[in-house]
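The two complexes that follow have chain A in common; it is paired with chain B in the first and with chain C in the second.
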Partner chain A sequence: MAKAIGGIAGIFLKEATVLKAAARVRESGFVKFDAITPYPVHGMEEACGIKRSTIPYVAFAAGCTGLMAALALVWYTSVVDWPLNIGGKPMFSLPAFIPIMFELTVLFAALSSVVALFVHAGMPKVDPPVIDKDLTCHKFAIFIPENDVGYNADRVEKLLRELGADEVKKVAEY
Partner chain B sequence: MGTHSSHQELKLNKFELSSTLKGILGAALLIGLATFIFGFVKNPDRMWPAYLTAFFYFASIASTGMFFVAFNHAANAGWSASIRRFAEAMSAFFPYMLGGGLLLFVGIKYLYAWGVPETYHTLTGGKQTYLAPGFVLARMIIFGLGSIFFAKKIVGNSLKQDTTGDHQLTKNNLSLSVGYIAFFAIFFSLFSIDLLMSLLPTWYSTIYGVYCFAAGLQATFAFLSIVIVVMKNSKWISGYVTEEHQHDVGKYLKGFSVFWAYIAFSQFMLIWYANIPEETEFYIMRSLNGWMPVSFALLIFRFIVPFLVLLPRGSKRTDSILVGISALVLVMHYVDIYWLVYPNFFDGIPQFGLWEVGMFLFFAAIFLGSMFQFMSKNNLVAIKDPRLHEALKHHVTY
Partner chain C sequence: MSQMKRNPLVLGNKTLKDVTDDICAPLERFPSKGWMGLFLAAKTLFLFYIATIAIVIATGIGLLGVNHPVAWGTMIITFVFWIGIGHAGTLISAILFLFRQRWRTSVARTAEAMTVFAVMTAGIFPLIHTGRPWLDFWLFPYPNQRGPLWVNFRSPLLWDVFAVSTYATVSTVFWFVGLIPDFATIKDRATNKIRRTIYGALSLGWRGTAKNWSHYEMVYLILAGLSTPLVLSVHTIVSFDFAVSNLPGWHATIFPPYFVAGAIFSGFAMVITLFTLVRIGWPEFKNYVTLDHMEVMNKIIMMTGLMVGYAYGSEFLIAWYSGNDYERYVFMNRAMGPYAWSYWIMICCNVVIPQLFWFKKFRRSIPVMFVVSIFVNIGMWFERFVITVTSLHRDFLPSNWGQYAWSIYDTCILVGSFGMFLTIFLLYLRVFPAISIAEIKPVLHVGKDEEGGH
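Right after this comes the complex of A and B.
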């Protein structure tokens, strides 16, 4: 389990302010900071400099694996291990196999997307430290961990205040 | 990225067709008309299948274009408000769709078993009732008039809103759109069954209407993608249509490529598996006499290639790739309808020549001409739609 890391969080009351603040924090050279919002804020990825995740590639690779795995499965079961003559059709009848190949493609892609999402998001996080209870309701936060580049408690506090933080507090986060 | 932070200046000019394009359309119409008249007199056996194929091609695109408008209203979609007018413009073809359908009835004896008294009387199992020419004609007229009615209401409300800005019109359009979707589901299915499936009245497939719908909607998204890319880079409009809208229509195009393949395969696999003579004839006709390559071309170029090419995010946002794939899908939509119609004629041997090209040009000129006329008469964007701000801020996150 990941260890909680201390840092400073600024609590914001307006979406527009936190969006601008995130961009400014990024411009100030911080890289490990995080924005915490009760709902997805448009443009936050760009403001925080979050790159596109690798989940689509994981899904594609897993989908291809699923397709091949299904083909191997039906080939082994229907052609090699227990060949059955059904309606005089060839043992290796691709049209009959396609539904299974389709389903396993979807299953592999979907499940590995979920796994990739968990890995990316660092989940599961059991009982993480609470920065502010209202962050799931109507407040926004920017959290700068103490191990970030050029971290300096006074500087961070000043920066967050300048950016319009309603409240600045010392907290911990994963 | 990028487009979000740097908003383009909003500009909307009047749409005007260049005289070269007008000339091309006029020439296409003349060639088409000449083909029709010449074929009508000299070679009706050859002309009518070409007429039917081209007619159904544009009728399916126009009515699924209207379906796009309707489901966006029904879902209260905001992102599409700035591109909806292009799909609305396709409904300008509806009066010609009714006219073209009525004209088709002049040629039924060259096309359908139910169009000739001797073969009509050999039909069994209630098909004489269903395919009685008067009954088919009645359904066709209901489809044509109903489409015109809903287009007049839904598109009319949208156009009225351009001047009045009345939000109530958007609310009215929601219930009208639900009505159109129900109407479309029933009568477009019947339309495709009556015009295409009845070419082989001994064969039937319960999924046929959905197949034609899936094909039409995929082609509509391809056409819409091309219109959007052209408009995005044109002088008529700026800021309203962005890469983001292009991306989402590209996603629809990819999604409905899969949907088409899903429906096509669902129809094929059950018939292939059950292997009942009265059902397999449809696919047997399409695997002999040189039809096999056409059947495989559909699978490859209507599904596999568009799907794989449109899979990465970047390709939907690259004009040349999206337009290239859209053009491919539009060509394959013609091949698809050709594949549905032609095996029933000429002893099942593929025929392609100037007749097909001529009739295609005829309907293409009418379709594009009516659409361009609509676009030059009206605003290119529903400028007072209450959801327009959503469309302008529309942003696809990764």
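Right after this comes the complex of A and C.
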């Protein structure tokens, strides 16, 4: 989320209406609009033209890092810095190191994906702007920022009303 | 195909607003007398637990019954017991999520909370078991000035440190990520400033835009995918603590799957115990956690109970088939030796009593399932007692035999740990939404005609 920006938001009461509306807003040429919903609405990503999240790549890279970090840790501590001869077994006894490597892979991948989510969603944020208090409960919204392609307050308002918005609000900052 | 119609997951034709109101209701009203009574009892027990631990640490681990030859006692038994309890929560929240079992939605939040609290409770035991808990930081590898001295990465006990701490971290994060949108909901409907500030801070500024949800759902899927092998690895590694040794009764290849099945078995029993109580205390939840949900979980209890029963039988068969005298003796001693009572308590509670669930009437009866779940909890604690104590108390040399000197402190530590768990759990029920608000809304229509259900 970049800097806060003004715009117009339409409030919808039904999931089906907002889904159709999002698709229509996109067809009307807007690209920077966003839909605000109380729960993940099935099909909303297609309707808004949102690309698949890139977080799996973050998770994969972090998992590999975790694996390598664990390997480096056990190798340095058990082979280089403090080699212990246990029953003549090899110093670099890989099978015994697998649990540690597995756990650190999972730990790195999990924590990094959550950090990536926070970065993408602009969290944590103190007191984020709220368009309507019911948007986390039972209402849905489509927000079109004023810097969007072909933005015109009257046109946007008319479009949202046509698409079945229950209420259209001017938003100072979002 | 009317007989194929699914039952609705949520009863009572709820609207989206009803869902929010129902789930937030317990957080927004003054606690009931029942809750207060339970909380005071649990808190008293918790304080008693803290005092017991303080005495044990101040005086020494010798207050407990551990001694030669039974050097692993209550601490290890109860640690494995609580860690096992936690596993059902991850099974529900992660594994059933990957399998698209939508009924999991209603119970996932509280089951996951149970996981986090059970692991917190469990984590204390090995720390005290070390005998000198003020040196527990030695468990972690860090550069130090004691010569190049590192932890032994070839030891299952150290694998356990990594497995349990990773499990605790990832479960907590998974649980918290699930809570974020619900905290935002509570913040937005808050009527006073303090509530708004606290839940606003917890929600981390969540806004619920389509882009946010897209990333959020992906992270949820990744965490579920990572938690699934993680939860299996944790009890596998706990079982390695036993299986990697050479002691008859412990040294068995069946241990990892046997432990994981047992963990899920005991965890589901705890979920049933807790949910029967939650449904009494928070009556509005009966529409969300329906008898259908309870029945499905009872089926899982019965199935995992049969798996555990199979493992008990298989251990005997393999002991006989191995032709090894020590191995054979350990198992005969389990069933007929001085600790036979604990073995038969275990068999009764874990294998015999859950057979009641073959009958639909019992699977759907709240009193019956509550009693069975309590028996399973008892039985699973005894399973770990049987594994730990009966294997240790008579090993290879008869001159090395002995009994476990159970002391009053063992009892206090075991009972007190429930005080800790219940205190945290009761507080959670009061201040956190105990059913996922954002996750239950998309499954409202399941089983309803007009929208086609599944």
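Following the convention adopted for this analysis, the second predicted complex is superposed on the first by the 167 of 174 C-alpha atoms of A that agree within 3 Å, B and C clash if a C-alpha of one lies under 4 Å from a C-alpha of the other, contacts with A are read in each partner's own complex, and residues count from 1 in each chain.
Convention: contacts are C-beta pairs under 8 Å (C-beta built on N, C-alpha and C of every residue); 3 or more make two chains touch, one makes a residue touch a chain.
The structure displayed is predicted, hence computed values, not measured ones.
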Partners on chain A (chain B, chain C) - clash or fit: clash
Partner chain in contact with A:G43 - chain B first, chain C second, else both or neither: first
Partner chain in contact with A:A109 - chain B first, chain C second, else both or neither: second
Superposition-derived comparison: chain B or chain C, residues of chain A touched: C
Partner chain in contact with A:D34 - chain B first, chain C second, else both or neither: second
Which of chain B and chain C A:G87 touches, first, second, both or neither: first
Chain B versus chain C as contact partner of A:D134, first or second or both or neither: second
Set of chain A residues, in rising order, touched by both chain B and chain C: 40, 42, 45, 52-53, 56, 96, 99
Residue ranges of chain C touching chain A (in the complex, touch as defined): 15-17, 20, 141, 148-154, 156, 158-159, 162-163, 166, 169-170, 173-174, 177, 181, 184-185, 187-189, 200-201, 204-219, 222-223, 226-227, 229-230, 233, 237, 240, 437-439, 441-442
Of all residues in chain B, those that touch chain A in their complex: 1, 4-5, 265, 268-269, 272-273, 275, 311, 313, 393, 395, 397-398
Complex contact set, residues of chain A against chain B: 40, 42-43, 45-46, 52-53, 56, 60, 87, 95-96, 98-99
Chain C contact footprint on chain A (complex, rising order): 22, 34-42, 44-45, 48, 50, 52-53, 55-56, 59, 73-74, 77-78, 81-82, 84, 86, 93, 96-97, 99-100, 102-104, 106-107, 109-111, 113-114, 116-118, 120-128, 130, 133-138, 143
